[in-house]
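The following pair of complexes shares a single chain, chain A, combined with chain B in the former and chain C in the latter.
What follows is the complex of A and B.
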């Protein structure tokens, strides 16, 4: 009697599972996957094909072979944009990650008012990108802006923050980091709060200094989080467009590859050439992502 | 003053100084939105206006299609958020629980959509929407948000969430005679509320902030969304009416900022518990 009762349920489950056709699974993912295929995956595959065309609107496309790429390699604007993109990523990513980690450490204490500081530091994340960029554009105006006004009071004549190289790049990086760092800061804070207190205490008892505890204990323990955040931040930096375009108006001194692609594609309507630039961006991103996954094995610590 | 309270005072001093660049731009924007254009230039440092003057706000609505632009942003963000939540949860559940051929391949496709910059795919997308006759409509702005990086992120986060729910729950419900749809709707969705809140916040913010797609698809002022509308307060030579720009920017910011401040506990917890932390 008892035996029969305990044996029955698994058989029912098994039959139900076997009965479930793969169409049920398809039905759940189809609405999203169909749209994604038409509007994203298909276009991704079309980009390299379009880059082999000579297609300037409103003319019809003609086959161009690799001539767009030959032109890319010789185009001084694209070469400069590649360099500016590299500088932009190399400036923004360490500043964002370093500041996010520093702020998370500062907030990971028990003190009155920490919650308020967390709220204040996160608040720019919910300010619309364009509103934020416009405020910074006013503050950084060369003649009457606040920053140069302050610099003038201590006898420094400030640069043209929006158009001069490298200041425009600095302006974009700083304004973007301040707007977005709150998100990474929260993610790091959650990771830090997940590190067991006993681990710290054990390290301190063993005579480790605060610096040693951070570099040898805390950082390795949150390294999976740091790694994922790094990947996401690099991708975000490579595709940044709105803050740069609104702040600098697409001026040459901060024209990253995305801005270059936008200009060629939607100002000159040179679709073939712009697709070539887009494809270069894809390849850079792919190489960076693969490179990071390789590096991950070396320095990310996983608990077994 | 003991050493302990000294170091505590130093901590607060450091935090206050650090908070300035995070808080000042927003406060300055709100303060200057009540000033005349001349007053903004005369005293760029001033935070508080000498008197509260609503003239800028009135003019923004009177002389520009700002109300229409605001409404466009609201209705687009609402559609995008609801569709992202529904489609993301459906696909997330499918990938987490159900077996079908090609599942892993499709999931990898989702991951790659999350990683690739959607702006770099804009040229074939534009060709597609142009052929469909949908340029200067809201369709591309809505659809590209739903079926792009944010949508893929939603699928990923919700799949991660459903994976943490014990399988026994599905099986018990199956035995009770609930179908897959019933399980999804009555058992799984209510359990996924924190993840849904986080995904909803992302979808709404990303739609509200979308600049690139409106820039390339929309070309008449009353169809613009806020990010383009905010740049429309210019004289014929391109000079910016800063007083109007800042009043409009304040209006675009305040609902989100207030929602964040009121619900910030909920906000922060759901963002950090959503699996984003890796």
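What follows is the complex of A and C.
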């Protein structure tokens, strides 16, 4: 026993030193880094280069300079899609954040059954996007769909939701908010539970109304979380594609820029032009995020 | 001893690699599913038994993404050897030199007698003296009708009207309206498919029979705003407005039993094997310009980048032989005239001989193939994007189609 105990420490130390070598760490990270490089960094770096080529499959690529970008600026379909995208983001982001925050406030109580509500509201998040969209396609049918059926009972003849402007946009936004709101709600719930009770109590003792407590105490305390969800939701909205395409089949009324990119890249095989659209979208996302980062100093408090 | 053993191993390796060189695996792509796919698989197996050195792997790709996948595979240097090609994709593949000219092979083979092929079936595949594919399907758009719904409405069926020489688009519209009245939970008829991307199916038969067209001469200009085309789209608009036809996006299929009449090809019958209502087929109605339905075509082709073009062409010869086409005829009306009129084709397990004669044989003569420009995908998207606007109850169809044509003409000039 004693012998073993005295002999053990140096062996353990030796082995640990071996495992702690940075090379071992690199070896563990390598598979992920390899995947990241090949499947993510490579394409990200390739896209701006591809956007300078005239490359339509099955022909070989030729140098095009900035002609793809010149075409973008003149393409009426792309210009229209830019507006649709702006409307889509402007509709989806406030609705998603507002609803998520409202639900989080409602469910931030200790009561019976609140766990059930939280689960129910979160459950759409785990449904695959395309399956979700397919179900909505049935719900939003013009004649025998659930929505128009209910509207019909109260004497309203509903629109053809997935094809008419602006209803297609409304339908896509609402279906996507319902699917995603649970995630933001959960993040807000976590933030709300991080707000110390004493601060609230102090505010109430000082005579603050419920509204004042929310606007002057709670919201500033969770502003870093609001900032995070805002950035992530805007990026998510800008790159939303699958549910929109499955729901509307690329019809004009909800054809956002991602749909244009898909059509040009994977239907017409115009990779140069599609890369141009992708790169423009990327730059817009980057600028928006940087802009928000700069503005956060004005309204984000209590950053650690 | 050791030397002898290593020599043996070497010999075994050498013979193995020699065998591997002889052994050829052909990749054969199709969008067939269900029983049609099973048939193709058994044909491929049969071919493998006759040609011991060749194995044919059948690969089914859904129609919606078929050309997408094939194009990417061609660009990536891993194309299939043999494959189905749909008529709308033929001009694009020929223009990009993706298909092998089969003429030398076909000319040298006595059993293939090109004279047996209906001339209209080869036009699409021919450029000068070259022949870039052999059609296996020559399939006119026809009307499927739900006999139960007709009976409930107490109106004569299309077959009856045909015999009385009254089967025209006015009768089509009136029948649809009567069906809707008798069965409010159903629709009278649809000239469109479930997927708006496939809008060209039924409506083109109405367009042609009304004297309209999709393109002008040589597919160089848009003709969707011509008087005849506008008349056909106005018919569709009227039926949607009256509620006798499902609007775009309504998820209703003929197989559900809630659609009185529906335009599709013979191959669709495979989906009606187990339905619990009585149905039949009839030719498309006639219009002011006669009965001119749309002819769907598909063929076998060898891809230029195939590493085994010789074996691939030999496999096509096998598939196009009289004996094999006799077996595929159950799903695909054969382009070989000797077979189209034969008893095998007319003995369909689901459709009566009389109906097949009326709906397929008698329609084929006047049917038209839609010959498309190489950038059909873009043109198609323009139409799809504007389809709802064109068919909206309040729309001025002529004006909307005029706008569509402006856009299509811009695409055609690119």
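The criterion applied here is as follows: the second predicted complex is superposed on the first by the 275 of 304 C-alpha atoms of A that agree within 3 Å, B and C clash if a C-alpha of one lies under 4 Å from a C-alpha of the other, contacts with A are read in each partner's own complex, and residues count from 1 in each chain.
Keep in mind that, in the parts below, contacts are C-beta pairs under 8 Å (C-beta built on N, C-alpha and C of every residue); 3 or more make two chains touch, one makes a residue touch a chain.
Keep in mind it's a predicted model, so treat the numbers as computed, not measured.
Novice: Now for A:214: first (chain B), second (chain C), both, or neither, which partner does it touch?
Specialist: neither
Novice: For A:129 in the superposed arrangement: first (chain B), second (chain C), both or neither?
Specialist: In the superposition, A:129 touches chain B alone.
Novice: With the two complexes superposed on chain A, say which partner A:138 touches: chain B (first), chain C (second), both, or neither.
Specialist: both
Novice: A:187 contacts which: chain B (first), chain C (second), both, neither?
Specialist: first
Novice: Counting touched residues of chain A, say whether chain B or chain C comes out ahead.
Specialist: Of the two chains, more chain A residues are contacted by B.
Novice: Which partner does A:69 reach: the first (chain B), the second (chain C), both, or neither?
Specialist: In the superposition, A:69 contacts neither chain B nor chain C.
Novice: Regarding the shared-chain residue A:58, is it in contact with chain B (first), chain C (second), both, or neither?
Specialist: second
Novice: After superposition on the shared chain, which partner residues are touched by A:267: those of chain B (first), chain C (second), both, or neither?
Specialist: A:267: touches chain C, not chain B.
Novice: Both chain B and chain C contact which residues of chain A?
Specialist: In chain A, positions 138, 144, 266 sit in both the chain B and chain C interfaces.
Novice: With touch defined as at the start, can you tell me which chain C residues reach chain A in the complex?
Specialist: 68, 71-72, 74-75, 96, 98, 195-197, 243, 246-252, 375, 377-378, 381, 384-389, 392
Novice: What part of chain A is in contact with chain C in the complex they form?
Specialist: 57-59, 137-138, 140-144, 160-164, 249-253, 255, 263, 266-269
Novice: Mind pulling up the chain A residues that touch chain B in the complex?
Specialist: Its residues touching chain B are 9, 12-13, 16, 20, 22-29, 31-33, 35-44, 46-47, 50, 103, 106, 109, 111, 113, 117-132, 134-136, 138-139, 144-146, 149-150, 178, 182-183, 186-187, 189-191, 194, 224-225, 227-229, 231, 235, 238-239, 241-242, 245-246, 258, 261-262, 265-266, 271, 274-275, 278, 281-282, 285, 289.
Novice: Can you tell me which positions in chain B touch chain A when the two form their complex?
Specialist: 8, 11-12, 14-15, 18-19, 21-23, 25-26, 28-29, 40-41, 44-45, 87-88, 90-91, 93-95, 98-101, 103, 106, 109-110, 112-113, 115-128, 143-144, 146-148, 151-152, 155, 171, 174-175, 180, 184, 205, 208-209, 211-212, 215-216, 226-227, 230-231, 242, 245-246, 249-250, 252-253, 256-257, 259-261, 264, 268, 271-273, 276-278
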